[in-house]
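Let me begin by handing over the structure; questions about it come next.
So that you can tell them apart, the chains are marked A, B, C and D in the order they are listed, and the count of residues begins at 1 in each.
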Amino acid sequence: MPGNSFGTLFRVTTFGESHGYGIGAVIDGCPPRISLQPEDFYAAMAARRPGESPSDTPRREKDTVKILSGVFKGLTTGTPITLLILNRDVNSRPYEILSTLFRPGHGDYTYFKKYGHFDYTGGGRASARETAARVAAGVVADKILYPLGIEFTAFTVELGGIRIKKIDLDYINKSPLLCPDPDASEEMIDLISKVRQEGDSLGGIVEARISGCPPGLGEPVFDKLEADLAKAVMSIGAVKGVEIGEGFGAARLRGSENNDSITPDGFASNHAGGILAGISNGETIVIRAAVKPIPTIRLEQDTINREGQPTKLKMQGRYDISAIPRIIPVITAMIKIVLADHYLRQRAIMTGTKPA
Amino acid sequence: MPGNSFGTLFRVTTFGESHGYGIGAVIDGCPPRISLQPEDFYAAMAARRPGESPSDTPRREKDTVKILSGVFKGLTTGTPITLLILNRDVNSRPYEILSTLFRPGHGDYTYFKKYGHFDYTGGGRASARETAARVAAGVVADKILYPLGIEFTAFTVELGGIRIKKIDLDYINKSPLLCPDPDASEEMIDLISKVRQEGDSLGGIVEARISGCPPGLGEPVFDKLEADLAKAVMSIGAVKGVEIGEGFGAARLRGSENNDSITPDGFASNHAGGILAGISNGETIVIRAAVKPIPTIRLEQDTINREGQPTKLKMQGRYDISAIPRIIPVITAMIKIVLADHYLRQRAIMTGTKPA
Amino acid sequence: MPGNSFGTLFRVTTFGESHGYGIGAVIDGCPPRISLQPEDFYAAMAARRPGESPSDTPRREKDTVKILSGVFKGLTTGTPITLLILNRDVNSRPYEILSTLFRPGHGDYTYFKKYGHFDYTGGGRASARETAARVAAGVVADKILYPLGIEFTAFTVELGGIRIKKIDLDYINKSPLLCPDPDASEEMIDLISKVRQEGDSLGGIVEARISGCPPGLGEPVFDKLEADLAKAVMSIGAVKGVEIGEGFGAARLRGSENNDSITPDGFASNHAGGILAGISNGETIVIRAAVKPIPTIRLEQDTINREGQPTKLKMQGRYDISAIPRIIPVITAMIKIVLADHYLRQRAIMTGTKPA
Amino acid sequence: MPGNSFGTLFRVTTFGESHGYGIGAVIDGCPPRISLQPEDFYAAMAARRPGESPSDTPRREKDTVKILSGVFKGLTTGTPITLLILNRDVNSRPYEILSTLFRPGHGDYTYFKKYGHFDYTGGGRASARETAARVAAGVVADKILYPLGIEFTAFTVELGGIRIKKIDLDYINKSPLLCPDPDASEEMIDLISKVRQEGDSLGGIVEARISGCPPGLGEPVFDKLEADLAKAVMSIGAVKGVEIGEGFGAARLRGSENNDSITPDGFASNHAGGILAGISNGETIVIRAAVKPIPTIRLEQDTINREGQPTKLKMQGRYDISAIPRIIPVITAMIKIVLADHYLRQRAIMTGTKPA
């Protein structure tokens, strides 16, 4: 269990570094006879691709997903699905400076302490590029969930301290920041532009909503649905906080406010965010993730080199200003992977079912 | 992987319901030759025991931990350590009403949907009593961590909307709510008293700090230290949010503020909360958990019965007003289990080490 | 994954030493609403109990299985089932000699090398007594398999070099050695009696047959059904060889002999032993296990003490002459655990099934 | 845990089908800073490659291992190592007949029953080609074991009923069948030639010996070293039996014969095959595997089609006569993977070690 796999029955292993041959994922446990084609990955990969939104640098990655195994005549076989996304030829020279010093806010220092050496070109395994493999795996997970009527919406709740004041779900895809509030979206775009000039970066908050999830998903005690969701979302590099339903807000409610009354037509409210005692209750699952500002900035920073001596770091070039919005499809993908896994786990123990 | 185990190399499986023979834990993977006696559990079990703080009902559980296996002549053997905590004889009669209806805010509804029936006496497996087994397992984890100089402090940051204004670590153990701010502690005690009269309950926020953790713990990508910590803490019933370091606050910082400069003497700040790219960096690890108000309240609530018909629920008796402070040793225990596990995982891959 | 758990979805963790409070098992992942009572364990536990057959010493263990958790009103809840079998008060004094020297053929030497110390009283964790917990877990596994029409027969094929010449399944339970050949059974009993006089011990071969297993159980590549069966059976202390179907005999057949022709009515022969490419094919699964002679003998043996100095060991007392027949229910139990696990795994991926 | 991964800390996941883009392995958990180059794979891949020995068809696969990730500047990084072996363009047309009927002795029938459809071209996932990925992973495992002085020898003990009468280890690499007995080797070659004429195939027995393994590897109870070895070896398609040390022969020995006396200089004999109570004892580990005859034969066979109707199958073309000797590097690779994994597991619990 060395850390690069996620899930039990629907199990995703990602591999690859940002500078190297490519990155990818092996998905073991996908049920058979599900239609899967290269085109299925286009939309999700494009949504994650940098350079499409105001917060991103115009650098482009061509992220075509190649299906190496696990699909026969257009249908999954039940055996491992391997997805490969080639890296473009990149110039590693600008990264050579990183062979001697540690970037603040990055994993350089901790990878060096843990392993004694590390791939410093482009962040190696800790690069945001690894998340492309997660997004591709999320597409496969969605193939299991979509026929069940499970649907996903995710959007920007806050960016650089600007919080949305209203939620217009129809506006999300009109906003280059996937922000459901037109006014807030404009403000955020302006702020990004200003911060780009300064050479700094911004964080924010993302919310995901999952509707149509049947009750009963999630296992008691440790593999609670909210625990696995928290792990999944917190395993994304830029995420430093996760909350379900009312989340931190629940700390300020009374029990009589926070408890969701149950009626013959379902729950009267959804403070629980769709999960009770770790198991889905049929209501919309609501998750929010706190996204830290991107650590790569053009402003000069203090750091040390591998010998422990103080030095200055000033990154040249153009960088993303915020992980938002391109982190949104990554968060969605991780949630899909969790739900596909728990759906299969629940199938295994349902009463009264026999294999074919 | 059916949900009642946690950890990979230091692996804890809890078992038992609140009403039944007892609860306990099997710990598989604890290294050999560690001193372990029944007395080692006294302090932690007492700290978790209800009825010791203003927010608890005076009901008392006598939680003596019995070591059933895995210890020989006072030393761990490397084989499974089984810990058993007997339940006291309890009167299950008051719970018979729960055989027909679902308590709002509890797992009754979801367990019923998932399993088709459930142990409704005292919450069954979803009872807070299950956490006693976690606390006991945390004592064993601490036996691994303590000799390394890893130390834990945890305290109440907020309760019922009252937030601490200062942190006096020495005051924590003087406050019955483990609150490091004497004034806030008084206010909280007063609020609890008032809310108890009303028959309602309160939530809050807990912070844990771990000092002395060596750099290098945590695995890349999915088993990041912060991901496993998030899962561990979110797997506690009452927790609905988790954040590391600046957490949700990081969403409002600029990169230049949030990045921790590195100096020859270590990090100049600790916005990261001791974890970079999922791996410990040697600084104090900081985690906060949002705790929802206890769902069992004396106020009347709307719900449905098993047939789906509307009904009213009015719980009789005395109940805890808040999961704080008794949840604090549970949070600490889960963090200890995560760290002990990641410490063993890191031992396995360290360069240059051979088995004896 | 420290070694004391088996299975993925139907997951058994055993704990306990032969001298101590007791031994037991936690079963995580058993589906809900299965009837389970203490009486269900009587027959299997009695079959495993020493002192019931000619090859055993008359020492008796009273192996009552106590259900500590996971059952509510007589039905499994889907949460961990904990089974506890108390140890009788035993006199550990005869074992004190083992605190200084290593018994040949036992785990004393290897446990000492691995852990630096070990529970030498009665073999500790390596004692055959641990298998009582497996047998109890097998009873629960059978609760899943029996309604599917999966049935088990297991018998002695060989003992002390005496091989059966015919198979009369009806005779198995008439033979105190569970031997299906009346003549061979008599011969074996005589041999045991003779070897008991000499202070020596005997090995043998056991065969298990599983009928009614649906096709489709087993996963490709590493978790092949025969691979998991081999691990399960080889994990029993006395077993040193495992074969499926023709097994070692297949090495001497031609492909045209060993291939089982397929007819509209099923397979025309069963050289494969019911498993093709690691997946059950619907035919009877056939497994044989080689059982080594019991290492505890009354004859004097050469060994060394903990300081590495040569010494002699002469065990006093009465010992079992052969692990056969009491190992037979252990082998059956392990097979049941494997099949229950693979059945649940197959349920998870079956096409066209949705959770309730 | 869907079946295509093996190991806990040193964890190998294989992927790919015989007809498709390629096959490969992801190795997660390999320690950092181990030298790894494409050339390291040459010898092992060549040894497994068909067409090099009398029992193989002259068909050739060019099995160059491409390292896609996990190595930086020639050293492992501690992150997932991905190995890819491209498939050559193959003509799938001869396999179209397999889209309608099931080959006896193959997984066609069981894959169809399990998944509802399967990749029938060249055996899909059940093809012997999958073992190339295992051999590649074994090369990485060996990088961990070799510096410890752990060495491997494996050879043919029996083929088509011809058993070796002597063991000349120096002759192994001179025999095209890796047979240590020159006379038996000649006889086997003659038999292969004869059976090739007949259109039939042959099985045999392989023995592997591992010297230099330190004592202490293996976990108690379920993850015994011999249990994991049995699973590893039995997970190879053609293997139907596994034995350790005396194996099935131990069933015919008395305890006084089978027990290995312990002397100040080590064990006086090695009936145990280097493993006591599931833990290595420092002696040579001895494993034998029964290999069934290759199911693809040119003789006509009875079978059914997908509709269940009887039909005849007569394979055209040239096929391997025996899985021996090319299965030998596969068996060795699986043993290496088990030992590397258990070595890392043992490192994690060793007394008195701290991470760097």
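By our rule, a residue touches a chain if its C-beta (ideal position, glycine included) is under 8 Å from a C-beta of that chain, and two chains touch if they have at least 3 such contacts.
A quick note: this is a predicted structure, and the numbers were derived from the prediction, not measured.
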Chain whose average C-alpha position is farthest from chain B's own: D
A-D against C-D, pair bridged by the larger set of C-beta contacts: C-D
Cα-centroid distance, chain A relative to chain C, in whole angstrom: 45
Chain centre separation (chain C, chain D; CA means) in Å: 26
Whole-Å gap separating chain A and chain D, where each centre is the average of the chain's CA atoms: 38
Per-residue multi-chain contacts in chain A, two or more chains: 1-5, 8-9, 14, 29, 32-33, 78-79, 113-116, 125, 216, 220-221, 345-346, 349, 351, 356
Chain contact graph, described as a line, ring, star, complete graph or other shape: complete
Chain D-touching residues of chain C, taken from the complex the two chains share: 1-6, 8, 14, 102, 104-107, 109-111, 113-116, 125-126, 130, 158, 160-161, 195, 200-205, 215-216, 218-224, 226-235, 237, 240-264, 268, 272-273, 275-282, 290-297, 299, 301-304, 308-310, 345-346, 349, 351
Touching residues on chain C, where the partner in the complex is chain A: 1, 8-9, 29, 31-33, 78-79, 148, 214, 216-217, 220-221, 343-351, 353-356
Of all residues in chain B, those that touch chain C in their complex: 1-5, 8-11, 13-17, 20-24, 26, 28-29, 32-33, 66-70, 72-73, 75, 77-82, 84, 113-119, 121, 124-125, 356
